[in-house]
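Each of the next two complexes has subunit A plus one more chain, namely subunit B in the first and subunit C in the second.
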Partner chain A sequence: MRKLSVLAASALLLASSSFAKEINVGVVMSMSGPLAAYGQTCNEGIEFAHSLQPKLKNGDTVKLVLIDTKGDKVESANATTRLISSDKVVGIIGELTSTNTAQVIAIADKKEIPVIAPVATNDKLTEGKKFANRVCFTDSFQGAVVANYAAKDLKLKTAVVVVDQAQVYSLGLAKAFKDAFSAAGGKIVKEIKVSSGDKDFKAVVSQIKAANPDFMFLPMYHPEVSMIARQAKQIGLNKPMFSGDGVANQTFIDLGGDAVEGYMFTDFFDYGAPPTERSKEFIKAYAAKTGKQEVNSFVALGADAYNLMVDAMNRCANPEDNICVNNEIKKTKGFEGVSGVISMDELGNSTRSAVIKVVQNAKAVYKATVNP
Partner chain B sequence: MFMQQMINGFSLGSMYALIAIGYTMVYGVLRLINFAHGDIMMVGGFLGFFGVAVLELPFLAAVLLAIVGSALLGMASDRIAYRPLRSAPKISLLITAIGVSFFLENAFNVFFGGVPRAFPVPSVLEDILEFGGLTIPVSALIVPILTAMLLAIILWVLFKTKYGMAIRALAFDVDTVNLMGIDANRIITIVFGMGSALAAVGGIFWVVNYPSVDPMMGVLVGLKAFAAAVVGGIGSVGGAVLGGLIIGFTEVVVIAFFPELGGYKDAFAFIFLILILLFKPTGILGIDFEKSRF
Partner chain C sequence: MTVKKDQWINLSFVFGVIGFIGIANSFFDEYTIRILNNIAIFTILAVSYNLINGVTGQFSLEPNGFVAIGAYVTALLLVSPEAKQYQYAIVDPYPFVLSLHANFVVALVLSGFFATCLALVLSFPVFRVRGDYLAIVTLGFGFIIKIFAINYPEVTNGSLGLNDIPEFSNLYWTGGIAIIAVITVLNIVNSKFGRAMKAVRDDEDAAIAMGVNTFKAKTFAFCTSAFFEGVGGGLLAALLTSISPDLFDFFFTFQLLIIIVLGGLGSTTGAIVGTILVMGGSEWMRFLDEPMKFFGYTTPAMPGLRMVVFSLILIFIMLFAREGIMGKKELKDLFKGRKRSAK
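This part shows the complex of A and B:
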């Protein structure tokens, strides 16, 4: 009898310990290297969302396993393999850029591990993949937003596009913009190709000045765009400039200084106009912890990538069932995220709103919301 | 338009030239391609940033701080990493140089983070001069002048001073120089100091022209300056300046005339490099190393 009760007690103990499991979720992110500014911001959002909601409905704890990719393709692929084979993750959040995320997806898709990309906007990313998802919008949507806003609201007719041909993000966004701008009756007078890592764009801005367009579209990341803006100002090229979400970062404004005053770009979210109840709560909690109200859109999207993952895991009987988690992610409709209301489709793309911001007095200021 | 592009090419080219001189100095003496040169330039940029933004020194004092700091770092790298390998095969020295380069990049990454910082450019250098439709920023104008001045100073040191004579002798034969009562190690230290000081000047004026400081900024510039040194004839100071100008002009010309191919401008610059080496393996002003140097 005594033996039996001991057995029962130990069985109970076993049961309770196996009840509150720890489930690994992988994070693959550029924490160092040229895009560290974005990667660190995005990861801040993932970790903050995790600190707000560290447990699943059934009591299991989610553990984040972060691997730094240094912004590199090969490192991204290696990190993914390591997370799946040795950390046994249920899902992966990341990477930052479309180029690197494509590497993550290629591997995770074969191993049937769901990926949620927080900010990778390239259209082709989810094509033909079953386990690829994202909480951000796509380049074709973003390109169309800029093209229509410039053509219809600002009545601008001619554009020069500068493309970073080393970035999949840049090529995709440029194409989407060109198609939409031509469709809206605009004309692309010149397209100039550059490659990331360059600092000297004097020849490029001289070319643009000679072409004399109504505005410029620079679908690139902040290190190059800030230098182009500075050098454009130096030669007296004072035309409106637009970018996508690749410059949605305070570092861009710091690097650009006076030269980026009036610069316009698309973004996912503005903390000054919180789209949902959840955003309001998130901003409040974020302010309480960090002492600042400014929730960067990459923080919000990082948080939503995590929230969506947890939401899908909660809807599965067994949150460690990667197939079920992936199906539930794709079934998500009207999800109240931090960055806005997100609905997922079969392809793993999200339908959501975009905002346009403008740089004023060294701050990014909300200008307009564009719905899909 | 054409003139404007020529000015752009000239300012970019002299920037490369400034950095290439340091490469060529060290190579001439040790026949070591100092791959850490670009990273010493980065350290120079960081020290300048530190001087202006953190210590709030006047710009010239910050330049001095960067030059002295980088020169000391260059000498230390020689003392710690290269001197123990003086009699080792050249390839070991080359690998060590790559190691020093990685060490500097990663050390700065760890201590200062990978996020680029804005360099506060002094307002005098931000002024813009205009001559009949041409616009020239003061910061871009000052680089060619500085390059010419430094070139003159280095040529003077090399050909008119006793130290210069020792450096030139060292380039011929280290062992014989030692027999003549010259402390070869001391001369090599001086060369590293000079080369690194040049890198620091290059670094400071690089961040004045392109005001963003990050630990990886030296990699691509270093590579191009190296290519410039090779085109001009590595080991020749004048050749380094010529090579820098050629690479700078090639890049600008590609963007000016073939904007669609602008992303491949580096490829054009390097194709040019290969062509020159095919017809003149020692570079344009390069001399056969067994005969003479500088």
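This part shows the complex of A and C:
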């Protein structure tokens, strides 16, 4: 009897594997170039999620086709065209930055291939596009989270915003914050413009000190923010400081040292407070494989971009039907991802929670979860 | 007799390219077509950059600036007012930006025109200096354009750039304009102006002593170069359908510099060969990034490996062909006997 069932099972397996197809999913990512560190982290999440779930429900195997863009727009365009015309992908995950993702979407949208952006937060990215989706939150949501948390929970009234003119991310986040903070009854007393690559922020911190706000909002990336924090401490400016996910990494804390103690920032997820069953499992498997518990937000979002794609493919009768996959992605509600519960809307934007963290004893500590 | 033979070689080459463009769309997939488009656009840029850098010998590092101007002019003229309405995220655009609209040909010509005007104005400060100093002055210009694009969101939409540009560029446009650019540049090089430019390159003081108006020769080369760079930028914008300031940083110039040095400074044929090698080769070598099978053993995917191999190839070429692949030779020189090309 036992033999028979083993035989039957293996026959079934053989039968299903002989019918099982291989379905290509494209990954466009900055694996080399100036943003390689972020791109590789994100791809790590995509590949790890793939290793946990390499097959679809119907037995088809998903094959990831990774193409490097060097963080370049022309190469992003080449990569996307190649994935669609030569590799015949059903969907594309990528790119990293908002401008390069806009390039990927511009081509994929015409060919009706769904794109899931793991970390591109710019509001305008999905506007007017049918096949653009993302698993991260938008800048406007993130800006509102900070503004409401500061105004309502911390009861702060006045703010200074320092914005990085050269970064889309910074401009978008600053604008969202200003709107939301004013709506919540707060007042922006000063806005200061800097440019990424600047090193000397003495004039900036002196201006902030003179304006004497309740707190500062610095929607920028970690190299500049850590320097501003250090130089602010030097002149005795001890107001609370806030940033977006651009500083959500350990490098920021290492660079800032004791100047960033008490620094608050928003993030997508915290490995210490796994929001779903899936994230618990993911962190466990990740720790077993790499030996470390610290699942970076980019790893989690990369994983969710892949998981969401597979989930949508599973719900289609024919997983190779790109139109159906795109519709299913947009219909996703209450999806339990690694980084939290994700619901998609018609535009392809995700509604999801944000996490607020604070730096304590040179570690980012979970403080609160903000639901939309 | 030789003149006639040269013409035949060049003509057959041009007709060969036209024939290739004619049949390419029905033979290749979209990926290959895109690479061919890239090659055509970069041929325009490289050939015109070679005119100022190789033929006239002025070590200028400005193409990213002119390409950016061309791309932005074309983009602003082509994007429909409705699409502009929702794109400007940071600040509202100036009213005149919304009213801009033109067809593709007008947009391309205006792109070239604006770049040329700027080149004309720029030539006065730029050509007061020579050599390394000229490199620094022109490098500064490239940076200024990029910073302008970032800091004037009322016109350029800042670092987000312009999206939803109608995709007008196809192989007929890019290839056709590339042929026009190559023929124009070759005619300039072989004219009286071209000889003056070469005289400036070989010894500027001697050229002045011989009565060559070196400023005029340099400005003429600079403006012609700027015109085609502007047009090339416009074609690039209409091919990518999305542009942002980070596309036009110094690495863009750097890539063009690699192309013309690899092909041979001063050789138009070399610029074309260099473009095909750099633009086509770096895409062709993508298989190096992917997992590979050697005798049953599979190596893991190594993104970035192709650039390592590519750099190695560059080093070897430059070691064994000091003057680039073509040196100063042109296509016609390849068909001549050894004795003649030696002189």
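Definition applied: the second predicted complex is superposed on the first by the 342 of 372 C-alpha atoms of A that agree within 3 Å, B and C clash if a C-alpha of one lies under 4 Å from a C-alpha of the other, contacts with A are read in each partner's own complex, and residues count from 1 in each chain.
One rule holds in what follows: a residue touches a chain if its C-beta (ideal position, glycine included) is under 8 Å from a C-beta of that chain, and two chains touch if they have at least 3 such contacts.
Fair warning: this is a prediction, and the values are worked out from it, not measured in the lab.
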Partner chain(s) touched by A:Gly128 [first = subunit B, second = subunit C, both, neither]: second
Which of subunit B and subunit C A:Gly334 touches, first, second, both or neither: neither
Partner chain in contact with A:Gly291 - subunit B first, subunit C second, else both or neither: neither
Touched partner set for A:Gly185, first subunit B, second subunit C, both or neither: neither
First (subunit B), second (subunit C), both or neither touched by A:Gln165: both
Partner chain in contact with A:Ser32 - subunit B first, subunit C second, else both or neither: both
Partner chain in contact with A:Ala203 - subunit B first, subunit C second, else both or neither: first
Contact residues common to both interfaces of subunit A (with subunit B and with subunit C): 32, 36, 165-166, 195
For the subunit A and subunit C complex, residues of the former touching the latter: 29, 31-32, 36, 66-68, 70, 72-74, 77-78, 81-82, 84-86, 98-99, 102-103, 106-107, 110, 122-124, 127-128, 165-168, 171-172, 175, 195
Contact footprint of subunit A on subunit B as seen in their complex: 1, 4-5, 8-9, 11-12, 15, 109, 113-118, 128, 135, 137, 140, 206, 209-212, 214, 216-217, 220-221, 251-252, 255-256, 259-266
Residues on subunit A engaged by subunit B in the complex (per definition of touch): 32-34, 36-37, 40, 163-166, 190-195, 197-200, 202-204, 206-207, 210, 223, 226-227, 230, 234-236, 251, 254-255, 257
Touching residues (chain side subunit C, partner subunit A) in the complex: 29-31, 34-35, 38, 83, 86-87, 89-90, 150-151, 153, 158-161, 163-164, 167, 236, 239-247, 251, 283, 286, 289-290, 301, 303-304, 307
